[in-house]
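In the two complexes below, chain A is the common chain; its partner is chain B in one and chain C in the other.
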Partner chain A sequence: MNRLWTVLSGLGFAVAAMMPWVTFALNDGNYPAKSTLQFFDAPFLLTGFRLHLLVIGLLVVLFTFLPLPGRPRILRAAGWAGGLISLVNGAYITFKGGGLGAITAADGKVAFAAFVGVAAGALLIWSGAKAAPGIEFSWPERPSRWLAYLALLVSFAGLLLFVAAILTSGGGITNPYSAGQFMSFLAMAAGLIAALGATGVLRWIGELSEQHRYFSLLVMLGCALGLPFTSAGNEYWMTVAVNIGVYAATAIGLNIVVGLAGLLDLGYVAFMGIGAFVAANLSGAAAAAFDIHLPFIFAAIAAALVAGVFGAIVGSPTLRVRGDYLAIVTMAFGEIFVRSSQNNIGGLTGGSNAIPGIPPLELFGTGFQESISIGGYKLAGGVLYYVLIVLLVALVMGVFANLKDSRIGRAWIAIREDEDAARAMGIQTGRAKILAFLIGATLAGLAGAVFAHKTSSVSYESFRFTESVTLLAAVILGGMGTIPGAVLGASLLFVLPETLREFQDYRLMLFGLALVLIMRFRPQGLVADRHRRAELTTVDDPVEVAAR
Partner chain B sequence: MSAPVLCASEVSMVFGGLVALDSVSLELHSGQIVGLIGPNGAGKTTFFNCLTGLYVPTKGRVELSGSVLPKDPAKVTVAGIARTFQNIRLFPSMTALENVLVGRHIRTKQGPLSTLLHGPSFRHGERAARSRAQELLAFVGLSTVHDELARNLPYGDQRRLEIARALATEPTVLLLDEPTAGMNPQETEATRQLIFAIRDTGVSVVVIEHDTKFIFSLCDRVSVLVQGRLLVQGSPEEVRGDPRVIEAYLGKPPEEVAEIVEEAENE
Partner chain C sequence: MAAYLEQLVNGLVLGSIIGLIALGYTMVYGVIQLINFAHGEVFMVGAYASLACYLWILPPDLAGTWYIALPAMILFGSLVAALLAIAMERFAYRPLRGAPRLAPLITALGVSVFLQEVVRLFFPDAKQAKPYPTPFIEGGITVHLGDGQFTIAYIRILLVVVAIGLAALLQLYISRSRMGRAMRAIANDPDTARLMGINPDRIIVWTFVIGAVLAGVAGVFYGGYQNTINTDMGFQNGIFAFTAAVLGGIGSIRGAVVGAMIIGVVKTIAGQLPFLGGTQYDYVWIFVVLIFMLVFRPQGFFGETERVRA
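Coming up: the complex of A and B.
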């Protein structure tokens, strides 16, 4: 009986895919002609979200009779994916394509596809949960080395294509419907991930990559470097990816301070700013304060060192203040940085004129912004920046990972968990905290140096309180204390604004809403730390503070 | 007799107008287990805090193996005094093994640079610390749960983990603040055996406890604190029979109370 419902909902998706989504009356209107009346002229030329819906529908029918491991959860995931695709597109047509008129009858034809799709999704979410569990299946716990390597290669390559597909799903900024298509694709991607998670394959891959750490790191690095060869390998996405990389590196640095040591820093982006200004001043730009042009590697080291010194200076008040009070101190520092660079104190920041004209990086005479070709394959401009930032992020990840599982990292976590107990264990908490600030700031300074050259102009406006909060949000959203979390968080916060340009007015609102929802339903972040849930800060017992 | 390992002489601690400790002295010799008992609010934990550098005594001094204690709890731990807490203070989101590894912090030396490079010396130190931590977990009987989060351990295991963590700092003196609070008789007995085993490794132990039966069967010497003063000090037998101790714990016998009331009424 239950099978009947799941089959029906699968067929519902298929029908919805075939049905017209917009009526004749609006065919010349706003919504793409493609999504309207194909059913009548070319029923088998489905593309985009309608193709996804059709595939999902057919798979649901197939899965109903196929004994898969974790079947109920797979079916439910399919229900959510199909339902959300229909909902997103239906809503998009309704709001963008002329109100509810888009789904009324005109010329005797009715466009109820969105309703059918949403209904089928709801039915599947309801009935899928009650589907008979499939077969018991456990992934081999310790597969042979080569099988593990193969699985890791395939899955990381798949991940690369998946990321590229998500990035390009909106069809680029020239496509007027990019936001709708992107969100629709995101719904399908979420369903796919959930379904894969239900089969246990994701956890298996995760365990494999733990077992073969170095191999998987290598493959991951290779896959990251492979992005320019995919559909996302154009100059636009390379630029976005470099920005993501800069913020991801910074977010990982922040993760040391907040995620490991539990010190809430609300002015962290200032360190990136310091790094950027140092690099800008040493770049030989006309507006720079010093008339020297250091090679990038030295400028970057100088940027990291200066930022690190400031990190230690800002960190020193942490010896005396804890929790909320520390957050205020760091916030004040961030504000001091913004104000003094806005007013060009010391003539180092160019004030409101910024420092423009920072020359792009060069390697053997090739500018990093130029496009290069490898073996006859022409790569988009900015690829070299992308490579640089991938290497930088890899370096920062290495620093984080090496620190986390060490004497120092454990001391930080101990301080986060219970500072007094940590002191009773002989940990010099003051020194450890300053070290956390110093290392975090150094990494941010390094990222800032790349940022300066990539954007070619450094202004105080890039390092305001909002940016600090966004970074913190990236860390919390992604999952505190984890590397993939920080990268994912940074990616989301910088990809979404790009792909959802149409909703620019609502961006901050949607962003806030997402944060609230995640904090409510998944407080440990999207990628939870394997076995510890970090606390934002340990808020001190007021009585205890008074006694101190 | 040899010189004491730990010697607190006339330690006083005053908070504002409140005299929490009034010249309390205590001597602990190598291989001894000393008990500290007293009613609630007698100043036992305050005394512990003075011994671990958490408080700096208003008067008096504390010497460990002949040298005055530093004023920083972290340095006191380095000097060789480790403690557990009355209300368990583990690092809840770390595993049992990691908790003990934190205890190894001061006995390992890897600095930031060697940590970043993860070189052979770093890995060697890390391996050594891990195997020592595993040994300690086995010593307190927790080797099967080394991968559990501290917060998920049963109460008795948490108490034992705290002891393992304290032992990881290689103390000469171990201070246990109510190690059997909330335990059932079996667990209490296991703890008693554990403390004997710790003593046998050459660590001297000071125990605060309310359970007098536990203290009298465990300790070589017992001190009784009442209202910040040392009331009695001696062997368990001496302390057990002392009428002042009975009075401090149970109050005066009814006839004496009646006399006091009578006196008060006559005035």
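Coming up: the complex of A and C.
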């Protein structure tokens, strides 16, 4: 009986996908304007979300009869994905396009196809939960080396293509419907990830990459460097990717301070600003305070050092101030930085004029902003910046991973869990905390130096409190204390505004709401750290403990 | 000389605004140890609500009469602020009670950003600063001093009187009333207080409401003497107010008022002194004072020695 419902909902998805055609037939070839998003680029083709919907529908029918591990969860994931795709498209066209008519005459105002899709999704979520569990299946725990390598290669290459597809799914900034298409693609992607998670393959890959750490790091690096060769390899996405990389590196630095050492820093972006201003002043920009042009590597080192020194200074109150008070002190430092740079302190920051005209980086006479060709394959402009930022993020990740498992990293975690106990165990808490600030700030300064050269103009406006909150949100959303978390969080928070330009005005509002909701429903973030999870979901109430 | 005296008076006026906001911070922190970052936004919303009352609710022929307009605006602003605070406590903070301390702080940040953006996006024309009426007798007292002179507007005098009066009332309420005693009990030891038959949820909501009402009053006066309001006002003054609360010793009513006066005077006097950087750097000095205070006397002027909290 249950199978009937799941099959029905699968067919529902397929019907929803095909409905626009029916409309076409009913209206004698007159297609109601704005019937579907795809109408504009491909009225007769089954592409984009309609293809996804159809594929999901057919797969659901197939999965109903196919023995699969974790079938109920897969079916529910499919239900969510299909339902959300329909919801996004229905809502989007209804509000933006003036009416979605799939199976109506003339100027259809009702999103029938979307209704069918949403209903099918709801039905599938409900019935999928009760589907008979599939077969028991366990992934090999210690597969042979070559099998593991192959699995890792395939999965990381898949991840690369997946990322590229997500980035380009909106069709670029010229597409007026990019936000809608992007969101429906995202729904599809989320469903896919959830379904894969249900089969246990994601965890398996995760364990494999733990076992073959260096190999998977190498593959990951290679995949990251492969992005320019995919569909996302144009100048626009390279620029976005570089920005994401800068903020990801900064977020990892912040993750040391907040995630590992548990010191809430609300003025962290100031360190990135300091790094950017130092690099700007040392790189021969016209408005720079010093008339010298250091090679990038030295300017970057200087930026990192100066930011690190400021980090130690800002961190010094941690010797006496704890918790909430520390958050306020760091915010005060951040505000002092913004005010000072706004007023062009010492002629170093350009004030409201910013420091423009920072020369782009060069290597062997090739500007980093130019496009290059490798073996006849022409790559988009800005690829070299992308390569640089990938290497920088890799470096920062390496620093973070090594620190986390080192003596000082364990000291930080101990301080985060209980400072007094840590001190009683012989940890020099003051030194460790200042070191956290120093290292975090150094990394941010380094990222700031790249930022200065990439954007070619540095202004105090890039380093305001909002940016600090955004970075903090990235760390929290991704999951405190984890590397993938920080990168994922930074990517989400800086890709979404790019692809959802139409909602740009609402960006900050949604941010605020997201912070509240995350803290309420998933305080450990998307990628949870083991320690953190234990800490953040502590249940003290004995009744609740007993109930578990 | 007159210029400095004028700035001193301005500082006390600014301090009164900040003090009214700081009372909300200090009470909430005193009772549940939460830095309610969004409290500055409550103040901002109060100001916008009172403006809405003036523009759209008050009949135009009454809006010019200050003894009708001012109470009406204060009432409406405070009411909206109080409702907002209740909603905030219920939906954002209460679910997190007992969570690790970082969680509610981040939530508070989120609420703050959210509210600021909601007002900016949905209040008509709120993307620029909005003009605000002066809901009180125009003009003021002119003070002559040596060869200089300056004018203190009546609304500023009223503001200082109201602020200090409300703070005194609050002090009395906390120390004498049944509700005040319950608040102190919750602050002291929530579990024991609960055993004594106190309903913590009710007390905490009430604490938020009192703070919000004071912030609403502050919002009306702020608009009245600045003549413009913008959506940033909550964040900026909220920070000042929190600084004031810390300076005076968090949890102490007297401390909040004294701290606020100090902040106000520091800001205006620093703005007057060229060697401190003038008005461009007046904010910076407030934060410098805050940092030094936190580092060398974190319990503030009137605070008890800091308890070590797990």
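Throughout what follows, the second predicted complex is superposed on the first by the 493 of 548 C-alpha atoms of A that agree within 3 Å, B and C clash if a C-alpha of one lies under 4 Å from a C-alpha of the other, contacts with A are read in each partner's own complex, and residues count from 1 in each chain.
Note that a contact is a pair of C-beta atoms (placed from the backbone, for glycine too) under 8 Å apart; a residue touches a chain by one contact, two chains touch by 3 or more.
Bear in mind that the values here come from a model prediction, so they are computed numbers and not experimental data.
Chemist: For A:V201, is the partner it touches chain B (first), chain C (second), both, or none of the two (neither)?
Modeler: In the superposition, A:V201 contacts neither chain B nor chain C.
Chemist: Output check: A:A422 vs chain B and chain C. Expected answer is one of first, second, both, neither. What do you get?
Modeler: first
Chemist: Report for A:L472: first if it touches chain B alone, second if chain C alone, otherwise both or neither.
Modeler: In the superposition, A:L472 contacts chain C only.
Chemist: Who does A:N402 touch here: chain B (first), chain C (second), both, or neither?
Modeler: In the superposed model, A:N402 contacts chain B only, not chain C.
Chemist: Chain B or chain C: which reaches more residues on chain A?
Modeler: Per-residue touch count on chain A favours C.
Chemist: Contacts for A:L513 in the overlay, against chain B (first) and chain C (second): which applies, first, second, both or neither?
Modeler: It touches chain C, and chain B stays clear.
Chemist: Could you tell me if A:A414 is touching chain B, chain C, both of them or neither one (first, second, both, neither)?
Modeler: first
Chemist: Could you tell me if A:L391 is touching chain B, chain C, both of them or neither one (first, second, both, neither)?
Modeler: Once the two structures are laid over each other on A, A:L391 reaches no partner at all.
Chemist: On chain A, what residues does chain B touch that chain C touches as well?
Modeler: In the superposed arrangement, which is not itself an observed complex, chain A uses residues 418, 420, 535 for both chain B and chain C.
Chemist: Quick check on the complex: what are the chain A residues that touch chain B?
Modeler: 399, 402-403, 406-411, 413-414, 417-418, 420-429, 435, 439, 531-535
Chemist: Taking the complex as given, what residues does chain B use to touch chain A?
Modeler: Those residues of chain B that touch chain A are 52, 54, 72-75, 77-78, 82-83, 85, 89-95, 98, 101-106, 108, 110, 112, 115-118, 122, 125-126, 129, 149, 165, 169.
Chemist: Which residues of chain A touch chain C in their complex?
Modeler: 262, 264, 266, 317, 320-321, 323-325, 327-329, 331-333, 335-336, 339-340, 342-343, 418, 420, 465-466, 469, 472, 476, 505-506, 508-509, 511-516, 519-520, 523, 535-536, 538, 540-541
Chemist: List the residues on chain C that touch chain A in their complex, please.
Modeler: Touch list, chain C to chain A: 33, 35, 92, 95-96, 98-107, 109-118, 121, 235, 239, 242-243, 246, 277, 280-281, 283-284, 287-288, 290-291, 294-296, 298, 308-310.
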